[in-house]
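Structure first, commentary second.
As written, the chains take the letters A, B and C, and residue 1 is the first residue of each chain.
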């Protein structure tokens, strides 16, 4: 009988061996690599007085960097939601030559090191670049402008929307669309009233994921943006600049703002994914 | 529940109900023949209720492909083009130049340390999270995903804050005359942080979906924990595991932002391949820069191929083994 | 080798699954745990295997409590409903698994595998993979695997649940024959009454975490201990009446009801095949009107209504009798129960509360 409590505890967890070792190691490693360093940021940030903190986080340069980073990230994520959603639709519903290849390529921005994306985009959209040379006469300047930043962040977030929306479209029940057709809706109406609401949570999740990724992006942007303070300087670059100047407090301040935004986004994505699951269950 | 901040390849394919079959011809819609396989001659005559008119299809496909071309294909082609424009000889020279070789060596070293460590962690975390019930399990899973939401620059910053001469452990570092920040150890640490979740994120959904019955059977048959892990679990998840390792490795080798902060940018000593690419580009040595970048591009291609192979393997396995 | 379960209780969170269950498993016997889903039978099996641990009570083996021992140490054989075969190992490797993890010499392992495959009639399939086998074959591999180390008890969790009807029938008989040869103490979970009756020496009926009755198939069928048992083991007609001093009264009918003394409401149970139909009155019969006649092959089910006694009464007669009677909807007949089972007092109350439309 005395072994009962020990075994009951074990029972509630599960009978397979290795709980202590695996969980212990996981927590230890997690703490060492992730938690302790991150709590440092909080620690360092708390060293500042409120006045200092506010000054550092709201200096004109900092504010500009937020505007550029968050603004371009939002714009890029929005473009991705529209066009990425389109790509997901086309991949999920249609057949065309090269479909498998295109499907595989969608993951390229995710697999490609950011430095390579950075120089590639810069080369292509520069004045003499393959696409840049067509845009130049139209007066569209991509490199060294905010448009370039948006472009790079669109590139980087592309897979997130596509890969979030595509499975939802693939798994969607065709019978619902058939019901709509029988009830008299044409394809456009069906798409708008029946399909769109189904993929909406997935699309929003994709947007949030693309946005979250784009906000912290560095490598793909720094080449094409020109890094001009107050104009095309993204927040991560500002952090780096401050670090180089040994302004640890300043760097931490900006980092805290970015982490706070990431945290909020994480929560939003969590909620959205829960909503997606609920909808899927209801259907 | 878990927040996935990046597309996971294998869990998606394991969860897909269907084959890689033309969606119009899936078994899910019992309405009959596939429009994509419509017999010749009757092509335009009948259209299924769930099928879009041909002009719509063509338009949407064109727009989608145009978008992808502008954003994906053209830049990808540019890398390859620029890399080899000066001829294979120039390419070879750029890639085997001493600083480039040093960068390659360093990149390989960093990957050789961070990938095994994070793989070990990934297996432990997946085992813990998917094979047991305990309070805080979901929190643990969310924490594992944390590095995904953190900008790589911040990751590098953390190493500086800890080990920089003015950092928290600064005095200790100086006292022991150890160089961590702006040296190789710092690069390794930053890379470990950034590539932390990859293996776990591939394994967790897959192992969750697989269930614990085989492991329970092994336990009742008398296997120890290690025997269960090596004889039952790992063989069952080998493709997910492999893909996770490949992703982790790709990120470890390609990491730029974090390493950029932490590295001392000393040529031939503390530059990884991505940093070397940046240096060459900034010096207007474009051909050389793209030549070295093409190595990373190759790495990306290998990663993409690995994803396709893994998805295919997992799908094949779930079909043959699936009917439990 | 006897195994005893003493006062075992278990709850999952706030939900009790087993309530103070006690049972003795006799050496060499094949016992079936029979009951509806959710009655706790699978949980009890898993507790025997060591895959779950009781909140209270103990499992005793040869006088020694094995509560604290992990599944690994118990040397039991477990056959899962969905086989749980190691999908990446061949049939031979699956069967050899238990021996290999104990590091038995190779020669011994090979010999034993050959022996076991012959036992389950799967010789020659050692090099196949599970996905290349049929469901019935897979389950036999699972059985061979479980028997590899000559376990002290063999546990089977709805082993034929995932198979289709014909294969199920064959495997049932085959399992019984195997047990007759091997005499391993076995416990077998099922929700299928026919299966339990065909295979088991003793049947344990469970409901809502409690054991309702233990006995041979014949015994539990002829002498059900509770309304639940009677309802679970086949269709039954229930008449409401009362008991008084050893007699049960339903309308004008009177039955003997030994073992019931005080006056109380009663439920009188009659099996369809024990309701006799005749065209003219007989002693102890009551009038009923035929509503529907359904041919079920060799038997015929007659649905009747007899307003004071019940609106939906079911009788079962054989096909020959049905032809003789020439029944049609609307015909007036006389029903007399040949044999009844009376449950009174608390049992009748519980039956009113819990009886679903079984």
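The working rule: a residue touches a chain if its C-beta (ideal position, glycine included) is under 8 Å from a C-beta of that chain, and two chains touch if they have at least 3 such contacts.
From a predicted model like this one, the values you see are computed outputs, not experimental measurements.
More inter-chain C-beta contacts link the pair A-B than the other of B-C and A-B. Every chain gets a centre from its CA atoms, and the centre nearest the mean of all protein CA atoms is that of B.
The distance from the centre of chain A to the centre of chain C, with each centre set as the mean of the Cα atoms, comes to 55 Å. Centroid to centroid, with C-alpha atoms defining each point, chain B and chain C lie 52 Å apart. Our note on geometry: chain A versus chain B, Cα centroid distance of 15 Å, whole angstroms.
Of all residues in chain C, those that touch two or more other chains are 50-51, 70-72. For chain B, the set of residues touching two or more other chains reads 216, 219, 224. Residue positions of chain A touching 2 or more other chains, listed in rising order: 15, 17. The residues of chain C lying in touch with chain B in their complex are 49-51, 70-72, 74-78, 80, 82-88, 97-98, 101-102, 129-131, 145-146, 148-149, 162. Residue ranges on chain C touching chain A, taken from their complex, read 50-56, 58, 65, 67-68, 70-72. Residues of chain B touching chain C in their complex: 213-214, 216-224, 227, 231-232, 235-236, 317, 320-321, 323-324.
If you check the complex, the residues on chain A that touch chain C are 1, 3-4, 6-8, 10-11, 15, 17.
Looking at the complex, you find that chain B touches chain A at residues 1, 3-7, 9, 12, 15-18, 20, 22-24, 26, 28-29, 31, 36, 49-50, 52-53, 56-57, 60-61, 63-65, 67-68, 70-76, 78-79, 82, 121, 124-125, 127-129, 131-134, 140, 142-144, 146-147, 149-154, 156-162, 164, 166-168, 192-193, 196, 212, 215-216, 219, 224-225, 228-229, 247, 250, 253-257, 260-261, 274-275, 277-278, 281, 286, 289-290, 293, 296-297, 299-300, 303-305, 307-308.
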